[in-house]
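Please find the structures below.
Same chain, two partners: chain A is paired with chain B first, then with chain C.
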Partner chain A sequence: MHRLEFKKVYKRFGEKVIAVNNANFFVDEGEFVTLLGPSGCGKTTTLRLIAGLDRTSEGEILINDKIINALSPSERDIAMVFQSYALYPHMNVFENIAIPLQVRKMSKSDVKTRVGSIAQMLGISTLLDRKPRELSGGQRQRVAIGRALVREPNLFLLDEPLANLDAILRHRMRGELKALFHSVDGTTIYVTHDQEEALAMSDKIVVMNYGVIQQIGAPEEIYKRPVNKFVAVFVGNPQINIIEAKNAEDMSKLFSSSKVNALEKLTHDGKVEIGIRPENIVLGKGNIFGKVTLIEPMGANLLVSVETALNSEKIKVKLFISNTVKISEGDDVNFSIKESELLFFLNEKRVDVEG
Partner chain B sequence: MPKRSAIPNHEKGYFRAVLGFVAPVVVFFTIFQIYPLMKNVWLSFTTIKGGFTLNNYYQILTSQSFWQSTWITVSFSLISVSIEMLIGFVFALLLNEEFHGRKALRTVFLIPWALPTAIMATGWKFLLQHSYGPFPWLLYWLHLAKSPPYFLSTPNLAFISIIMADAWKTVPFCALLLLAGLQAIPKDLYEAMQVDGAGWFFQLRKLTIPLMIPAIIVTLMFRFLQAFGVFDLIWVLTSGGPGNATMALSPFIYQQTFNWLDVRAGAATSVMMAIYILVLVVIVWTTRSYIGRRYAQ
Partner chain C sequence: MRLKRFLLYVGVTIMAFYCLFPIYFLVLDSIEPTSVSYSSPPILYPVAFTFSNYIGVFENIPLLTYIKNSTIVSLSATAIVVLIGSMAAFAVAKIKFRGSNPFMNFLLILGFFPAATMIFPLYEMFANFHLLNNYLSLILPYTSVSIPLTVWILATYFEQIPTALYEAARVDGMSRFQAFYKIILPLGIPAVSTVAILNFIACWNEFILALTFMTKENMRTITVGISMISGRFSYQYPWGEIIAGALLVTVPLVIIIFIAQEKIISGLTAGAIKG
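Up next is the complex of A and B:
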């Protein structure tokens, strides 16, 4: 198994574009690490730097403490699943999966057994003589994964492998992939823009934006203790409620007096915002009053938008309730906020607020 | 009840408009293509007095010059197209690589193909001339020949000269068509192969060539049909000579028809050539559809 390390890595395209800006991170043996971020954040470029398909402009990439910057993709012993799957259209499934073994000049009978066992594992044994064009999206994806697994590499790179699947299949494959990559014991780096996927699958998440790594941490840490507003907003579905703390009068409508005092002190240093996850707002208890403006049923839960009037402005928050609660748009409601779970941002960076 | 017309009233105007647009092409085609074609076939089956005869065909099929022309045409086509495809493929691979000034080179590269054949053939004639042409003398000065060779008046050398000139002109054309085929291959397939550990030659063998087969067949067909009808290049460079060493079918037909004024023999030879081409097209199309099935994506 491989350890991977990025040391002060930069990737520039031309004069203006910095796709990867001073990336430093470490992936331990057997870890499942996700690079997460919106499109254009540099996560795919990072993956291509690891594969050797793009070259770093600056900095070092190390595998098992050896610098690999100068190695070509074929010398790195890395397997990659492309977002487009990149199946060879003129070869059938067997030939597609066999290519990495043929490159290594493995004997025909060995190739046959290896491809056979991989196909069995992925449930595509009956498709071996089909061409990629005769496969469904999910089947193509399995072939692409089979091609990556077949040579038992030490490092797997997966570039948005679920992005081209429909929602139901995506959910199913998410679980299957997680189980699969745990069982094959390889170090895995997974790129996605889907925060749910990242939270569900990873041991560790690297959140990126505009080429800059925002935060590295376990899924729970990313979700509960985001380092800044970007991470807090990007991770979590439905999105976190953000309220700007403008004046004490407004805040005192929502929070206890000790919090309000602390927040007020903070506003001298810059823009203060408060993040409230929807699940931390409790409906029906408490002394904050508002009106229901929108109800979005989400199966077991309802996502309820509540508008409440502060002294100087009206704010809107979203919260979860069970679908057994009778509620309709226009209802007057009261709610409370779990103050221990609040997130505070000073100039977009998260800060701790006592009180 | 009034009788209903086959064409509804509101469509009559439309029909007339369509007729108006199509008519010029039909007239042009009839006068300049269909009529000469029919006339040619008719000529090939008639005597001077207008009676039916197979004698024109008997005459050419038993003449040595017809079979020699056939042989020259076939060998010229096979050799020149093979060379052009091979060199064209290499150039296409080169031009597909990323390097500084690629766009400029691609443009310059096309110039030989853009030149009218008669003009480039005149240029080659100058280059190959024995008495003052640079090419024979260069070979002599470089000690590659004992004396400046007579390119255009030695049978084998004349044949080679024509192949050289033809290759010079059409390599860019082949390269261009093949380059289009190369660029249609998705980049991520190459990236996948590289990550899988494949080297340059493995990629060429397992990816580039199989995926290029449709483009190769189209290029081959174009080039082969063009080469088969070669006329202007030969006519300017050697006029079919020395002797009949470079007398391909097209110049042979011209010679029969307009130099010897044996119109009926020329007509019969044209019909024979049309049959050759028909056979060729059938062969190409059957292999194409067979390979198409094999390599369809």
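Up next is the complex of A and C:
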């Protein structure tokens, strides 16, 4: 089992682009770690640095405490599932899965057994004679995963392996992949821009933006205690409600006076951004009053947009209620906020507020 | 729609006739006695039949020796061109070494030099090295003339093969060279085989260098050899035999190339690039 460590890693393309900007993180044995961030934030570049397909501009990458910067991709013994799958088009499924073993000079009969059992595990045993172009997207993805799983590498790298699948398959594969990589006990680094995927699958999430790591933590921590507004907004669907309070009167409309006092001490000018997750707003009791402007059914729940007025301006929040509740657009409603779950942001950074 | 199709067929027929008629006329001339083929106005259909031209070719020149020489020179040159050309193209297209752009421009400039300007310097050089009447005296210039353009064509094709395939190969544990011959080369077969065939034809048909550097009868290539067929008397030019000779060496070549192309392209591109 294998550990990976990034120490002050930079990757520049030309003068202007810093795709990875001072990355420091650690992946422990057998961990399933997700790199999460919007498109273009440097996730693929980070994977390519690990695989040795790109060289770092600065910094060190270590596997099991050994610096691997100078090793070529074939010497690093890492398995990677490419976003495009990169199956060899001129080889059939068997050959595609077998080739990492064949180049390692494994005996023919061992290759056959090994590929057979991997194909069995992935449910593609009947496809072994087919060429990649004769496969569906989901089947190709399985072959790509098979090619990675067939050997026992230092690390597994997966670059948005579910991005090209349809929604149903994507949801099903999410669980399956997690189980699969846990069962082989492999250290896995998974890349996605889909925060739901990251929350569902990971032991640990590394959130990136513009090449800079924003936060590293367990899914629950990322969700409940985001370090800044970017992470709070990026993670969670539907998005967190962000309300800008311009002064103490605005705040006192929303929460208790002890909190207002504590906040005032922190902010000086009384300006603060407040993050409220939709599930932390309770409709039907409380003393904040507003009007329903939009109802979006989401299966078991309704996502309700409510407009209310602070002192200085009108604001809108989204919240969940069960679809059994009778409600329609234009209704006057009252609601309350779970104060303990509120997040406060000063200059984009989250601050802890007593009281 | 119908009319369009009809016009298409008419056009194709005219083109086919335009291309094939001279060949028909060659065949006709080769199987008729010289007296008939010289008749004026020309007779466009067979009237008499004789094998004498074909027999004459074999009596007149060592045809099989010429074919052997041409085959050795053309095959060796083609093999070297394809080997070096495809590896260089791979390096340019997939490894992206520093300076690959200047390298490609340099190759293009090389391709502009007319081969004819090399004849005399090369003659001097080969004479000094005692390489005249040696297969190398043709193989070396043929390869060096062909390689630049071959690299260009193959590099352009290899560029289109997704780089992710090369990278996947490297991650899967292949060395650069393994990634080349297990992944890039098989996927590049359509271009490689085309380049090989064109190279082979060019070598087979090359005349001036072959004429200059191969002065001994038993080292001549077929193109030169056939042009050297002469009549029994100096005023007599044996067209029938020359034509028969040309057909004897061309027709089998064409058939071989057709078969090769069919086999190569259908057999090895089964997996085309699009996955």
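Throughout what follows, the second predicted complex is superposed on the first by the 352 of 355 C-alpha atoms of A that agree within 3 Å, B and C clash if a C-alpha of one lies under 4 Å from a C-alpha of the other, contacts with A are read in each partner's own complex, and residues count from 1 in each chain.
By definition in this document, a residue touches a chain if its C-beta (ideal position, glycine included) is under 8 Å from a C-beta of that chain, and two chains touch if they have at least 3 such contacts.
All of these numbers come straight from a predicted model, not from anything done at the bench.
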| item | value |
| --- | --- |
| Clash-or-fit label for the pair chain B, chain C on chain A | clash |
| Partner chain(s) touched by A:L162 [first = chain B, second = chain C, both, neither] | neither |
| First (chain B), second (chain C), both or neither touched by A:V227 | neither |
| First, second, both or neither for A:V317, with chain B first and chain C second | neither |
| First, second, both or neither for A:L47, with chain B first and chain C second | neither |
| First (chain B), second (chain C), both or neither touched by A:L177 | neither |
| Which superposed partner A:R140 touches (first chain B, second chain C, both, neither) | second |
| First (chain B), second (chain C), both or neither touched by A:S84 | both |
| Intersection of chain A interface sets (partners chain B, chain C) | 51-53, 72-74, 76-80, 82, 84, 86, 88-90, 99-100, 103-104, 131, 133, 147 |
| Of chain A, residues touching chain B in the complex | 51-53, 72-74, 76-80, 82, 84, 86, 88-90, 99-100, 102-104, 131, 133, 147, 151 |
| Chain A-facing residues of chain B, complex | 186, 188-189, 191-199, 202, 206-207, 210-211, 295-297 |
| Complex contact set, residues of chain A against chain C | 51-53, 72-74, 76-80, 82, 84-91, 99-100, 103-104, 131-133, 140, 147 |
| Chain A partner contacts - residues on chain C that touch it in the complex | 162, 164-165, 167-175, 178, 182-183, 186-187, 268-275 |
